[in-house]
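You will see chain A twice below: alongside chain B first, and alongside chain C after that.
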Partner chain A sequence: MSFDGILSVSEGIATIEIKGELDASTAPRFHDLIDQAAEQGAVRLEIDARHLDFLASAGLRSLVFARQKMGDEVRIAVIGATEPVSRTIRLAGFDHSIELIDA
Partner chain B sequence: MTTQDVRERVDAFPTRRIGGHRVRAGRPFPYGAHPVPGGINFSVYSDRATAMRLVLFERGARHPMAELEFPPEFRIGSVYAMTVFDLDAENLEYGFRADGPFDPGAGDRFDAGKVLSDPYARLISGRDVWGREPDWDDVYPYRAKVLDDDFDWGDDTPLGIPTEDLVIYETHVRGFTRHPSSGVSAPGTYAGLREKIPHLKDLGVNCVELLPVFEFDELDNPRTDPATGGRLHNYWGYNTVSFFAPKAGYAATGRFGMQADEFKTLVRDLHRAGIEVMLDVVFNHTAEGNEQGPTISFRGLDNATYYMLTPQGEYYNFSGTGNTVNCNHPVVRDFVLSCLRYWVSEYHIDGFRFDLAAILDRAPDGTPLPNPPLLEQLAHDPILRHTKLIAEAWDAAGLYQVGAFPNYGRWSEWNGKYRDTVRRFVKGEPGLVGELATRMAGSPDLYRGRTASASVNFVTAHDGFTLHDLVSYNDKHNEANGEDNRDGANDNHSWNCGEEGPSGSAHVRDLRTRQMKNMLGILLTSQGVPMLLAGDEVGRTQLGNNNGYCQDNALSWFDWGLVEANAELLAFTRALIAFRHAHPVLRSADHPTGSDRVGSGYPDIGWHGVRAWDPDWSAHSRVLAWMRCGRHAKGGTVRDDHVYVAVNAHWESHDLELPGLPEGQAWHLFADTGLGAPHGPGPLGAEPELHHPGRYHLGPHTLVILVGRDRRTG
Partner chain C sequence: MAIDSGATSAKHTAEQEWCDMPLAARTAARLRIPADLESLDLVAGFVLELGRSGRLSSSETYRLRLAADELATNIVMHGYRGASGDICVDGGVAPDRVWVRFVDDAPAFDPRGGMKSPDLEMPLARRAVGGLGVFLALTAVDRFDYELVAGRNVSTLTIRRGHHDG
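Moving on, here comes the complex of A and B:
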C-alpha cells in the first residue's frame, strides 16, 4: 500500500498532508505523525486529505485515534477529502468529533 | 514501566509451519477469528468431524490461497484452535473444510467438498451490495472475515426504559428509507435510517424493533413477479446465514466492509435520541433449509448437534422452512446465549424479539419442555439481566403458547389475541365487549401474576395487513408474490368499509380514517406495551398484499410523500403517543383489579356503557367505555388525571352518560376520532372542558378520549 504523510507545525497549528491509502498497514505511520503533533503541543490539527485515495476501516479509526491523542479541546479538521472519502466518513459515523471541510 | 508497556507474551510466537504459514496451537475461546499478538486465532467446534482444515482466501479471490489442516495437538475436546501468524487481516477471508461421515441416518452430513462459513463469523462478505448478482459459481459464497471490533461509543449508556413505558415501532431497515421520496443520502441503509431519527423522535416512539439484521441472502427466492417478470427477493430476511454479522447490504459502507461501524453508529444515535433498539432474531431455523438446501455452515460442521432430527435422521420442520434449530442442545444453547450476549455487549442492543419462539422450548426430539434449559439460562444470564425479551409465542407446527410461554418472570409476548379482538370489535363484530375489556386491561386472563407488560399489544405487524389496508380490504391480494394468492393469512378480521381497495368515495375514505384512528386510540390507551408498524402513522399501503416478505419495491417501501398527504393522521398518532407518555395511569406495570386500593372513591378501572357504571356485556353490545382512576397510577405511587375512553363500534350514534367526577373537576376532551381537522387532539394538558359535563354524544364507529381533572378557574 502506498502512503505518504508530511507533518508541519506552525503557531500551534499542526498540518498533516496525507497521500495515498490509509489502511491497516499504513495507519501506524499516520499515528506516528499524530503523536508528534500532540508532543509539539498543537492546539489545532488540520489533515490535508486532498490526495487521500482511499480510507479503509483502519483509516476511519485513525481519525478517532487523532481525537483521543490530541484531547477534546483541540479542533480537528479534515480538509479537501474527495466526495467518496468524506461520504464514507459520514455514513460510517466517524465525523461526530471532527470537522469535514471542502478544499 | 507504565500501563502502556505490555509485556510480550511467551506464547505469542509460532512453533511450526503448516500449509506454508507459521502457526501454533490456538486458544479455544472465544470461538471464531480474533486478532492476537502477531497473528489471528481461529477456533471452531465440531463433534463428529474426522479432519478439519482452515481455508484462507485473499479477499475476493476465486480459490483459496492456503488450506491448513489442524493437527491432533491443536485440538481440545471437540474444538479445533490454531493461531496463524503474518496474516493481513484486512484482506483475508476464511472458512473451514470439515471431513467426516456422510450417514444421514446417524445424523451426519459431512461434505469435504464444501468450504464452510464460521458460525461465529462477525463479518460476512458476498452480499456486500443489496441485490447485486454474485458469481453463482463461487465455491464459498458467504465468506467470513475478521472484524475491527473497536468502536468509540462515547458516553452511550443503557437507557433502561421500563418495559411498561415503551412504545415500540417495528420497521424494516431497507424499507424505511429505500423509497426515492425519503430524501436521505443513502437510501435503504443503516445510515439512511439514522437520517430519519428526527421523524421517530417527533412521532414519540421510544423503541425501534428492526426486522432481521443478521446477515441473510436477499437473493434466496426462486420466484418471479407474475405481472412484471421481475425477481422476487428474500426481503424480510427471516432466513439467517450468519448470526454474529450485521447485514452488509443494509450498509451504505457495506462495500468497504464497514457495516459493523455503520450499524453501531445508528444504535448510538438512536440512544442519543432516547430510543431503544430491539432486534428481531430468528433462532428457530437457518438458511440451510432441509436436506435439499445449501450447506453453508452448520450442516457441514455438525449436523446432528445444530438441528432437530428424527430418529431416522430427517429434519424436523417446526419452523415451516425446512429445518429447526436444536435450541436446547447444550452446545446450541451456548451458541444462542453467546450470540445474544455479543449483540448486547458489543452493539449495545436493548432487547430481542424472538421469531417463532415456541421452538425455543422444544427438546432435541421436538417435545415441548415445561422448563427448557435454554430459556431458563437466558432468564438468569448476567449480561442479559436487563435485556428486554419478547416472544412470538407460537411456531409453524401448531404449538401455540400465548399466555403459556415459559417466562421465568422475564418475557413479554406478542399478544395475538389482542390483535384479533381489537380488529374484530372495531370492524363491528358483536359479542366482543367482554373480551375487549380483558384485552385492554392487559389480558389478565393470560398474564395474571406476570405484570401487564408481559403483553405486547398490537393491531398490525410486518405479518399481515398494514393499518390502512386493514380498513381497505376484505380479502388479501398477494398475486404479486407468485403463489396464486395462496400465501398469507386468511383470518385477517379486516373490513373494507364498503369498497375493496382504493376508493373515490369521501364517505368510505372518511370512515377508513376514523377506523384507523379508533384502533390506534384503543392500542395507545390499553394496558400493556403498544407496538406500531412503521408507516401506519401515515397510512402506508401495500395494496392489499398481506405477506410482503418478498416485495423489495414501492409496494412495501415507506413512501415519505404520505407524511404530507396524510399529515392529519400523523398528527393524530403523534398526539396519542404523547398522551400515553403524559399519563402514567395508562402505563402501570400491574394489571388493574377493578377495586379501590387507595381510597379515591373510584376503582382503578371502571367499566361503563351508554350508562355510567353499567357496562353492557351482552351479545349484541357494541359500546364499551372505561375509566382509569388517576389516583391509582403506577400502583398509587403517582397522581395522574382520570382518563375515560369510550368506543362505539355500532353504526348508530349513542349518547353516553359519563361517570361523575369529584367536586371541582370536570371532563375535558382530548380526542374524538369523528372530528377531523382543525379539531385535532389536545392540546395536551390544556384540553377544552366539555360543554355538557355529564354526557357525550358519540358518533358511529367513533372513539373518544376524555381527561378528568380540576377545572380551570376564572
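Moving on, here comes the complex of A and C:
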C-alpha cells in the first residue's frame, strides 16, 4: 500500500503531510511521525491530508493517539481532506476534538 | 496405515479445496491471500477492479473498499490473531449489486458482534476505539451478511448498483 508522510516543524507548528493510503498496514508509519512531532514540543499539529486517498479506522486510531500524545492544549487540525476521508472522520465523531479545515 | 493415509489425503484435499469450491453463481473473480496486513493491498486491488467491472461510482467503490479493508484487517487481527492462515476472497457483479465475500478458517467470529457506535460525547483522548473498524465497515456498505458455514466464517459485503451518489 502506498503511503508517504513528511514531518516539518516551524515556529512551534508541526506539519505532517500524508499522502496515499492510511490503513492498518501503513498507520504505524504515521504513528511514528506523530511521536516525533510530540517530542519536538509543538503547540499545534497540522495534518495536511490533501493527498490522502484512503483512510481506514487504523488511521483514525492514529488521530486518537495524536490527541492523547500531544496534550490538551495542543490544537490538532486536519487540512484539505477529500470528501470520503472527511466523511469518515465526521462519522466517527472525531471532528469534535480535531479541527477539519478546508474539508 | 492405509486408512490413516486415506483420511489424511481426504483432509488434505478438503483443505485445498475450501477456497476453490464454487461457492456461488456469478462469481467473477477469486483471490486467496495469506492472513497478514500486507495482503490488504491485494484486497484493495481486487475491490477496485470489481468496482470498475460493476461500473460503481467512485464513492460506491470507496465504500466497498473501506468495508473490505476493515473486514480483512479484522480477520487478520481478531480472527487469526497472528496465526498463519488464508483468507479466500471472491466477488461478483449482479444486475442489482456488487458483492465481495471473505471466507476464513479462524475461530467462529461474527464481526457484527464487535460493532460499537462511536460515543460522540466522549472526548477523543478518552475514547475507546475498539469496534471502530467494524462500525465503519457496516455503515459503508448497503448490506453485510455473516454466516458460519462448515466451521468457516463467511462474510459478504454488498453495494447496490444504480444509487448514483457521486
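The rule is simple: the second predicted complex is superposed on the first by the 102 of 103 C-alpha atoms of A that agree within 3 Å, B and C clash if a C-alpha of one lies under 4 Å from a C-alpha of the other, contacts with A are read in each partner's own complex, and residues count from 1 in each chain.
The rule is simple: a contact is a pair of C-beta atoms (placed from the backbone, for glycine too) under 8 Å apart; a residue touches a chain by one contact, two chains touch by 3 or more.
Please read all numbers here as calculations on a predicted model, not as lab measurements.
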{"item": "Combined model on chain A: chain C and chain B, fit or clash", "value": "clash"}
{"item": "Which of chain B and chain C A:Ile98 touches, first, second, both or neither", "value": "second"}
{"item": "First (chain B), second (chain C), both or neither touched by A:Asp72", "value": "second"}
{"item": "Broader residue contact with chain A after superposition on the shared chain, chain B or chain C", "value": "C"}
{"item": "Contacts of A:Ser86 with chain B and chain C, given as first, second, both or neither", "value": "neither"}
{"item": "Which of chain B and chain C A:Ser62 touches, first, second, both or neither", "value": "neither"}
{"item": "Which of chain B and chain C A:Thr15 touches, first, second, both or neither", "value": "neither"}
{"item": "Stretch of chain B, among 200-208, 254-262, 434-442 or 506-514, that runs into chain C once the two complexes are superposed", "value": "254-262"}
{"item": "Set intersection of chain A contacts, chain C complex versus chain B complex", "value": "23-25, 56-58, 60-61, 64, 67-68, 88, 91-94, 96-97"}
{"item": "Contact set on chain A toward chain B in their complex", "value": "23-25, 56-58, 60-61, 64, 67-68, 87-88, 90-94, 96-97"}
{"item": "In the complex with chain C, residue positions of chain A that touch it", "value": "1, 21, 23-25, 54, 56-58, 60-61, 63-64, 67-68, 72, 83-84, 88, 91-94, 96-98"}
{"item": "Residues of chain B touching chain A in the complex", "value": "88-90, 148, 150, 152, 154, 185-186, 189, 191, 194, 251-253, 256-258, 261-262, 264-266, 268-269"}
{"item": "Partner chain A, residues of chain C touching it in the complex", "value": "37-38, 40-41, 44, 59, 62-63, 65-66, 69-70, 73, 76-77, 118-120, 123-125, 127, 129, 132-133, 135-136, 139, 166"}
